[in-house]
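First subunit A sits with subunit B, and in the next complex the same chain sits with subunit C.
For the complex of A and B:
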């Protein structure tokens, strides 16, 4: 559906996207990158708001810039949080349905359908100015689905949603993907993306860093020692037990004395072994965390790799 | 689709909060026309009406045009709502023209409203004013001519409002008063050519205020033709520009 070939985009002296080549097809693809990675630039290129400075970008086989043939098959949920604030949610969505070329009657019925889909039917007669962040996100998603597009692009759609809202949102995207639609979701949170899809496109400082299955990227990451912090009431006993586990590279106690910092290889195997140790030896663990489970660490690993 | 774009723009422009200040300016024109003889002793009803019209109504028209026309696209860009309009299966030129048409209608209504108020103030009614019909025609032509110019400017420059206001109150006041053929470069001169207001006589200050110090000899026919061609050329240029250039919400590009 989307084919980018050596696409670059400059903003004056600043490069937003640097020589990107990729293909995006049906299903959910996560566009992952830290702030400034070029996610929004890529989405704006695909939605035809921008032209590439160099390279070739095709959406449904056509150049997308101001191309109504592309827009007929494309839904876009932007990151910006701006609306016609004096409109009600229902009026806003219905107006955009008319812009999608639906007749007045079709626009009305389709508006009700998408509002129902995003769980906003009962609140859509309130003015948008009074909406919470989550309600705004739902309205944005609703307007992107109006014309039943083949591809939907969502720029940071989970921002501002509560956990239940996120779950519902992810379920909606899953259902759309099952219908054969291509969905591109940008995010800067790895954990968020993992709940949605295994297919990733990683951007870093305007360049494509990795693409493909999340598992492949995870295995690349897992080749590096992974930092894990374990909080326990009995750190010495825990250390003795953990030292016997496989894949431990290093171990040290925190200054506070109630937690242990570990470096491990293949963290998934380690987590399995850890849970067994807890069950078999009655080890009391108050909590554990991995500072490496954030995107910054992922990029660090991949850049080093 | 067309009716939705046009209807939305009309509803947006005719919102009470937007229209009320212009109604207030219309009432101001009414009072100025009613009490004009305080400023110009011995002024007839025709003098009062034509002077208020030339000094206030046509400037209000230009001001309204600057404000409503820049709202067509620039305001959408500022408010970041442009993204919803530009990612729909609507040709950009069509979007632009329909919104331009809506803004032209609103600005015409504002201009005519002010002229009607001025007429009520001077003639205590509408029926006895022989200048009103020609003024209404000139105001409609002016709404679309100013609109076409300001629209193009708003598409080409970031701070378009400043440029438009400088044009409306600086250029349009100064150029018609210049000697020679400079008046050809002012939209107001053509509108005056259509309206054919009576001369200010020997009052130089008044002539300066009403833009009558120059050598304007434009006839209504010439004025209509030039304004039509001017508007068509500029709106065509604006449509081409809008179709071919990028318009993004104003924010830091990622």
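For the complex of A and C:
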């Protein structure tokens, strides 16, 4: 749906995006990066509000800048939420439905449907000025879904939502993704992004740092061995058995004395060897986990690298 | 009966989407809806008709107090000497300040508040062009100010048409209604264009309003100064102690927000204007009355200024993000 080829965007002397090439297809893709990484710039390039300084950006096969054909297939939920405060939520969504091209009657019924979906039906007649952060986020999502777009771009959508709201939000996005829509979610909240998707686009200082599946990216980071924590009643015996394995980089005992921390390369072959140790040597293991096999660690490793 | 448990599942919209035209109308309607919800709009709209209310009261009492004249079959000299279209010009001119107040209320925040609220980020991500946005906002101001300008004029016209045909209300100028229909659009067109252009320069409606107010009152002061010079010159000429005001002063009188609109109103009505009571051509009738200006200078100037501010608004509009 989105194809960027060597896209750069300059703001005067400052570079916002530097030679980015990537593809974004159906499903949820997380757009990650620190402040100033270029996330919002990329979103605004895709939504056609900015034109790339160099490179070629295509959305649905067309250049998005000021392209109404592209706009009709995009839903945009910006980070800002200080919308027109005098509107009620219902008026605001309905007005935008009219801008989306729905007829008056359709705008009315569709407004009700999307307000229902985001759980705002009963509060939509209040002025936006009195809305909480979470309510504003829901209204923003509602307006982005109005015309049933093929692609929805969400800039920091989980900010301000309570845990139940986040769960509902993630469920809605999941349902949209299952329908084959492309959802691009920019976020700093790595934990929630991880619950949404395994597909990443990581930016850092305007450059693309990584793109693809979280697991694949993680496995490619050879510089940082995977951490594995094994809980067992016999940690020293376990250490003696596992130390012989070729993929072990380091191991240490926890202070509590009931677990060991390992650093390994090629975790898949390590897990095979661990299974053998359990079966052949009767090693008793209560549990094991991989504390760095998550988005936050990947993000940290990549950025620090 | 609806379930007490909310249905949060996603539902598709498979209805039609209208072609991306006429988005400006959705924006105009929403702007107007917001404006008419303001109490101030209604208060100032009613106040702006004050001159017509005074005229109606004067006409009513003159009518009532001259029953004896009417009984004798003679015409009331008060009504007999009135230049009818000049009364509309007076109504128009006296409402200028109030039209300006309305323009501040409706127009100064039209784009500035959207800039501040970052609403443009959302609007312009929809199938809606910058031109749709500008035209929609412009129309939202133009329609309301034009209605406020038109309603009292047309009511007064209707009242006079029913009551004073025998005093030449129709025969003085049979085309008056068409002239009026043109005249009532002047403030809406001008204020919508200028206030929108100024509003696009700011991110706060108040700052835009203050800038337009400074622009307005500086011009008003200038216009009043020119009018005083014209009045003094006219008096000197009447007493034989001097000549009339030079043409440049008469033209400079129209070089303000009010002035240029009054100039256009005079051109539309095809009159120099006159006070209410003074008989046409009588002694003192023309003191301080600045003659109708040149069509070829002021009509292009009026539309040029409007176009300039509209282009300014169009060029300034872009999706922005306010930091901090």
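Keep this in mind: the second predicted complex is superposed on the first by the 222 of 305 C-alpha atoms of A that agree within 3 Å, B and C clash if a C-alpha of one lies under 4 Å from a C-alpha of the other, contacts with A are read in each partner's own complex, and residues count from 1 in each chain.
Rule of thumb we're sticking to: a residue touches a chain if its C-beta (ideal position, glycine included) is under 8 Å from a C-beta of that chain, and two chains touch if they have at least 3 such contacts.
Remember, it's a predicted structure, so these values are computed and weren't measured experimentally.
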Exercise. Mind checking the superposed model to see whether subunit B and subunit C fit together on subunit A or clash?
Key: clash
Self-check item: Which superposed partner A:176 touches (first subunit B, second subunit C, both, neither)
Solution: second
Quiz item: When the two structures are overlaid on chain A, which partner does A:279 contact: first (subunit B), second (subunit C), both, or neither?
Solution: neither
Exercise. With the two complexes superposed on chain A, say which partner A:39 touches: subunit B (first), subunit C (second), both, or neither.
Key: first
Quiz item: Does the superposition put A:16 against subunit B (first), subunit C (second), both, or neither?
Solution: first
Exercise. Go through the superposed model and pick first if A:244 touches only subunit B, second if only subunit C, both, or neither.
Key: neither
Quiz item: Which of the two partners, first being subunit B and second being subunit C, lies in contact with A:148: first, second, both, or neither?
Solution: second
Practice problem: Considering only touches as defined above, state whether A:72 meets subunit B (first), subunit C (second), both or neither. | Solution: both
Quiz item: Thinking of the overlay built on chain A, is A:101 touched by subunit B (first), by subunit C (second), by both, or by neither?
Solution: both
Quiz item: By residue count, is subunit A touched more by subunit B or by subunit C?
Solution: C
Quiz item: So, A:168: does it touch subunit B (first), subunit C (second), both, or neither?
Solution: second
Exercise. Run through 3-11, 165-173 or 219-227 for subunit C and report the one that clashes with subunit B in the overlay.
Key: 219-227
Quiz item: Where on subunit A do the contacts with subunit B and the contacts with subunit C coincide?
Solution: 40, 44, 47-49, 66, 68, 71-72, 74, 76, 78, 80, 82-84, 86, 95-96, 98-101, 143, 147
Practice problem: Sort out for me which residues of subunit A touch subunit C in the complex. | Solution: 40, 44, 47-49, 66, 68, 71-72, 74, 76, 78, 80, 82-87, 91, 95-96, 98-103, 106, 110, 113, 116-119, 121, 140, 143, 145-148, 168, 171-172, 175-176, 179
Exercise. Report the residues of subunit B in contact with subunit A in the complex, numbered from low to high.
Key: 1, 3-5, 8, 12, 15, 79-81, 83-92, 243-244, 246-249, 251, 253-254
Self-check item: Touching residues on subunit C, where the partner in the complex is subunit A
Solution: 6-20, 23, 26-27, 29-30, 33-34, 37, 113-114, 116-119, 121-129, 318-319, 321-322
Self-check item: Parts of subunit A lying in touch with subunit B, wherever the complex brings them together
Solution: 11, 14, 16, 35-41, 44, 47-51, 66, 68-69, 71-72, 74, 76, 78, 80, 82-84, 86, 95-96, 98-101, 107, 143, 147
